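Both complexes below contain subunit A, partnered by subunit B and then by subunit C.
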Partner chain A sequence: MSPDATNFGKTIMEPDKKTSKNLVEVDNLTVEFTTRNGIVQAVSDVSFHIAKGETLGIVGESGSGKSVTSYALMRILEANGMIASGDMVYGGIDLKNASNSTMREIRGREISMIFQNPRAALNPIRKVGKQLEDVMRQHGFATRQNAKAKAIELLKMVRINNPEDRYHSYPHELSGGMCQRIVIAVAIACQPRLLIADEPTTGLDVTTQKAVLDLVGELTKAQGMSTILITHDLGLASAYCDRLIVMEKGRVVESAGAADMFARPAHPYTQKLIRATPRLGADIRDLLPEDAEPRTPSEPKAPAVHPEGQPLLQVTDLVKDFPLKAPVKKLRDMFKTAKAPDDEPTVFRAVDTLNMTIDYGESVGLVGESGCGKSTTSSMVMRLLDPTSGSIVFDGVDIGAMPAKDFATSEYRSKLQMVFQDPTDSLNPRFTARQSIADPLFRLGGPEVRRDADRRVARLADMVGLPKSLLERFPHQLSGGQKARVGIARAIALDPKLLILDEPTAALDVSVQAVVLNLLLDLKDELDMSYLFVSHDLNVVRLLCEKVVVMRGGRIEETGETEALMSNPQTEYTRMLLSAIPHPPEMAA
Partner chain B sequence: MAAPTSRLSTIARRLGQALPALFGVIVVTFLLTRALPGDPAAYFAGPAADAKSIAQIRESLGLDRPLPEQFLLYLKDLARGEMGNSISTGQPVAEELIRRLPASLELTFFALLLSLAIAVPMGVLAATHPGKPIDHICRFIVTAGVSLPTFFTGLALVFVFYYLLGWAPSPLGRLDFAYVSPPTVTGFYVIDALLIGDLETAWAALAQLTLPAITLALFTLAPLARMTRASMLQVLSSEFIRTARAAGLSGATVLGTYAFRNAVLPVITTLGMVFSFTLGANVLVEKVFAWPGIGSYAVEALVVSDYAAVQGFVLSMAVLFVALNLVIDILYTLIDPRIQLDD
Partner chain C sequence: MTETTLNAAAGLPEIDERSLGMRIKTQVKHIRYVLTSNPVTLLAFTLFVMIVILGIFGPWIAPYDPLATNASIALQPPSWSHWFGTDQLGRDVLSRVIVATRLDLLISVCAVAISFVAGSVVGSIAGYYGGWFDKISGRFIDTIMAFPLFVLAMGIVAALGNTVENIVYATAIINLPFYARVARAEVNIRRNAGFVQAAKLSGNSDARVLACHIFPNALPPMMVQISLNMGWAILNAAGLSFIGLGVRPPTPEWGIMVAEGANFIVSGEWWMAIFPGAALMLAVFTFNLLGDGLRDIVDPRQRT
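After this line comes the complex of A and B, so read on.
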């Protein structure tokens, strides 16, 4: 870029002090998308403003148009989207009518953005340091000579350890939290005055979420930046923002100060959102809207007679080792014969002598940060993965001794089922809802079950509250909540005794999450099941589980009754997990 | 994998893993050539020969022995690096292949370079303007290129550029009679001539090469351009491109450094496949331009049941294919840090 262009950018971007004290003013913004089914209005008549140094939260569920609003502000809408009407002014510049080259100057330099899914937001085959340099050099913030030093400085600023080494890392070599720090570094590299964070912590665990948001808060405060935080989590938004606007179906339904909004939500939609947000002191039934129709429970199964003094699942001294991969080597090392130092460990112990029990009809939460071994543990209990040593006794039988590949045809397979994290990816895209639910009946049920499959699928759909008219639809024709119901119906099709729930609501909106959690609670009683609930969200675990197991580094850190553990955590680590949960202002009772 | 092993031994192991496949190729080719109708002894003896002299020749060629014995003898020859003699030319097969392979390689390399130089920019343009006129024009060009048979485009090019315009030299082999072929270093006439500083010969060789290479390039445009377009479209819709745009990076950086480098991997895979089928299968182009390549050699050998020549050809193609795949895998690791050269 020529120096002239930079100067040009700087002069025109000097905000006009006379006109307004607001950095951004958006008036009656309407965004339309041209689709196969005609024109769809994604954002209608949205107005808001942001003062200098202010943090604005835009809250809404999926499809509310909150992300589209911010894309429109940066003019990075998809090719089929267009700003139909309204005004967007940034520091005196008319963003709606600005030329493409002016917009390119503004992006990254004046307004920048942090995205969700940080790993995908970075170029997978370019060193992260180079990606930082690209942005700085584009906007004249660094030259070829000093770019590397400046990139390392940035890495330091977002608190990355060993920035000199990390400069040479590729995104796949970094954890999700580290990738998000890099994305933040890219966003703040040219000291913009407005930072837009679009669901910046989705998919990160609570402690990383807190670290990332605290970092954003500090950096923006230090540089006097304004921030827009886009999120579906009202609790999170109110903990980090000065002011909130709530969007529903493309419209702003309410706008108020963060504390005010929690204390006196005016709009029914806001009230419903606040209600559905898991929080301290709220019962699982409190999450549902007051006017929600009570679900008609199907006939409760007669509780089976359980063997005395024997838990449903007893895990003893469970260990899982993974062989360590050889360190990544570059082509230039190709002709050198390298020998591994002998003292390097050759295995990684993901789960280390783990003991736990689940009683008949009990729900146990398995909690911990990513990488703590909770998924490995649940995969072993689910018999998808063979343990290195230890035993898994299920209903009196040591199923841990059965190789995972044979377990699929074992009679115990149907007794041990799973609900997966991503309701979309865990359904076969070529199966209708009916086929997905019937699949386990045909694979594991006897001839009697197979003959009876249609009636059973209908009953299962009833139980999970899936309208029968939706049974012939494919996954892409269903909403997130409906897909979650299909996943649950499939898992309970064969009357399992133990259901492993792997963050079943992580991908769902809060109001849908509230409904699904309640459904799971009802089904547990009706079908006399036990749950192993894997999650990083203690607030959600608390709603569903009587007992919690906290894992850290492959070991159990703490275990106990949920209420006791949460009100009086025994270890520093659990306290840290608990304090990382964003605490919204107390709701007016 | 407990201890890290060096890249070199990984490559050696990869080559080692190819040995069973190569052995399979040897067995299948051996059996197939024997199963073909046609008697090499009768061909060798000529039309005037009687049954007795044919039997004599069969004996001298070793064709009267049982198949397993013939096979073992063939393996023994291979182990010594010999592929036997061609019955139609009387020359050792290995020598002829070594002489003809560079001709085919030079033609294929040059044709693919040409094809890449056109197909990749076309694919990128089409991907950045999907549904626009430029996209349709690219689609038309590649469809036309792949639908016209190579012997037709070849003849048409000769007709226009040699017969009508007189721009191209006569389509008779690798070098005009007026020139002496340069001393063999790489076997590529253009490069060898340049190496000894003989610009005139290099130019003449290049002139001979141009028309057949264009013919072949037109035919291979389609897979390369379509794959570039599809792969670019996919990469352009990915999230890191949105990040790059949101950071205000210029269009060139977004397209080149961010999009294209990520999109190039499937193009390389396609290139490898196109290369291997063009190398052995461009018989028609070789025929039209009297190009002394291995494709026409193999077809001639096949017609007269020249066992040793056919076997030698198939085996050398198999070896080339293994080497090519290895090169592509190494290229992959150079471009994408996520991929390791593992087995």
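After this line comes the complex of A and C, so read on.
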């Protein structure tokens, strides 16, 4: 397992066999960062160990110090961070005091890492095969002669089809899942003994996530590697790890076997996390902590009168084509009158004859993997994008016929609003929370609303549970959950009838997700809205939606009542989506 | 609904930060932080303030009349009565260097302001809408950049006439491409950002989205450009005067003074060229250093 230590390794690389059976031992690790506001302790007094061949899950929400712990282990902390105290021993080597040259030897060769964003981790202007060769040659695992063969072998190992062709691909030519496989291949190229996977599947579809994690599991088992899986998803961690440690605010609050932790969570924080994880058989209200004050429902509005027999939104035969780039002409054809051959498509059909209805007060989930056309559909319904053909009838009016660029100032704009996927990206960095929420009031509200804007903003902040003192803050001064609230407050500012939720909780921690989902449910009743919930996570959709539409390749694959569809899926594709959701041990049965 | 976890993370007392006084206080605190966190920025701002003071109050600060000639004390080396010496007509070099600050600063500020405004408008529209305007403005800018810029400025001043205004226009035109390109790139990458879509959903028209939502976000890199360009514009104006375009003697101006002094360096009267040259260098140096600090001040993300 140790890669020919006699040939390549220096003496320090040879782990001390006598010390213990543990590959890594971390004792009382404390990491501090020097910031503008003084010294911040990101990790305090953390101890854990990893046995050979074991998979350890480090679970925690953002800011819990789980990534910092692993960076400290690799000694790749940012310049303002330092290991204040504690010991880190890897196979007899003192990582804390090892020289930089020793660390360079260890990184990649002994300990390697899979990063969160595979695209950012790969060099965009170098062929993926060459990047694999670089790592192997750097650590003397391949020579110029055999590097290519070894690289292709690695690509085969991570199950990339046509490895000989893919060797010559650039990262941008590969999908997110493929890129992550390449990153895995780079990480295991030198047969390290410890693999650190830092949120390896955030941003990937559930099906891809399953494929990637299964692959990591098999490879590490086959090579006897130890793994640290860092994740915020308890369900995921418990499905793939032997042992879990839970971190909160830089401290380890609980450490136990994966099954044990789920069956008998000892620490209140762990209990809260487990509660907040969406799972089969749990109601949306179950996700909140037990001691949460029940939300005082505002006086229910008089049930709105809706036109009989007419849905709020009716989408008929919706089609969206995107033009494909014309193939590059050959030089000698330059002056010939170019005419595309009839058999080559000139457009890419992102959405293909889609039909859908949403009733007044109904929540519909739109589910599918990335690239299935769900975002294109929601953009068209939201009138940010013009459909190629088909009609979008909203509240009795064909809004699909209005050009998107004029729709921004039309009277229907305020009736259709959206909550965006990434709360950070969707707030103007130069606007305070108040300005962001007030913007639609000033643009679309009448003079009356404008005069009243301050009071309305205060009421909206109240409705979404955003403390008023935070209204003057800029987005970067708010936490993820607070930013999500600002985004929701802005969307409901004008009492919309239809709210599109584009994965509104994808970027949030589970406990925050639970709160936000409940908030959305309350607001829906309070304001008599309909929701179109766009997501790839069926577990979350189930909590909020009565009806589900499953999309695949621009078409509707299946549609039905949520419970019926989930318990008895009609198509193979839906079954696959359902089975890819990681289930915590106790619920797996 | 309880907000304990989120509010605890925020960790701020419940104060109403809305009052104007509070806001100014926060801003002042932020500027003070930017200045004190980096000594180079502090140095740059100190020099900048000094230059501005000299520019505004120069004629009152200068010990002698910069235009008064006195043949009896011509070509005297630096002394206690004339710190920077005197020139061939007996004028006090120190006074001329001080008084020249205003003209040089005025030329560069005007030139930079014109090119900033024009370049931002052209670049933002090109970056946001794309299409034919982008193509035409892009090629036009490429055409300007294809000339040796100083030669182009010379040509413009020679063609339009030998006046100070024309130096300003010439300097503005040769600087415009830099602003247009930065603005185009910064606007273009934000064109499809989430907050832009959200702004459209809030009922902002395209023009409003561009002016109120996207452009302000492009300001920090533009600020760096402005300060680099200020130094460059001063250099350009001085260069034009040096070769006899624009400002005419006996007006005190650093470029002319260096040009006049250059004739006397050979015969040993070094002070006539060295001191205005040093002032020029110091001004350019100041503006180049200023860039990073200025960017940190206008960027709200630097605030905590």
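Note that the second predicted complex is superposed on the first by the 555 of 589 C-alpha atoms of A that agree within 3 Å, B and C clash if a C-alpha of one lies under 4 Å from a C-alpha of the other, contacts with A are read in each partner's own complex, and residues count from 1 in each chain.
We take it that a residue touches a chain if its C-beta (ideal position, glycine included) is under 8 Å from a C-beta of that chain, and two chains touch if they have at least 3 such contacts.
Bear in mind the structure is a predicted one, so any value in this text is a computation, not a measurement.
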Subunit B versus subunit C as contact partner of A:Ala149, first or second or both or neither: neither
First, second, both or neither for A:Asp422, with subunit B first and subunit C second: second
Partner chain in contact with A:Arg443 - subunit B first, subunit C second, else both or neither: second
Partner chain(s) touched by A:Ala222 [first = subunit B, second = subunit C, both, neither]: neither
First, second, both or neither for A:Val515, with subunit B first and subunit C second: second
Partner chain(s) touched by A:Asn123 [first = subunit B, second = subunit C, both, neither]: first
Of all residues in subunit A, those that touch subunit B in their complex: 1, 74, 76, 104-109, 112-113, 115, 117, 120-126, 134-135, 138-139, 170, 172, 183, 186-187, 189, 323, 325-329, 331, 333-340, 346
Subunit C-facing residues of subunit A, complex: 36-37, 63, 292-293, 295, 382, 384, 405, 408-409, 413-414, 416-418, 420-422, 425-431, 436, 439-440, 443-444, 465, 467-472, 474, 476-479, 481-482, 487, 490-491, 511-512, 515, 518-519
Of all residues in subunit B, those that touch subunit A in their complex: 1-9, 11, 238-240, 242-250, 253, 257-258, 261-262, 330, 333-338, 340
Subunit C to subunit A touching residues, read off their complex: 1-3, 5-7, 9-10, 12-18, 33, 37, 193-195, 197-206, 208, 213, 216-217, 300-301, 303-304
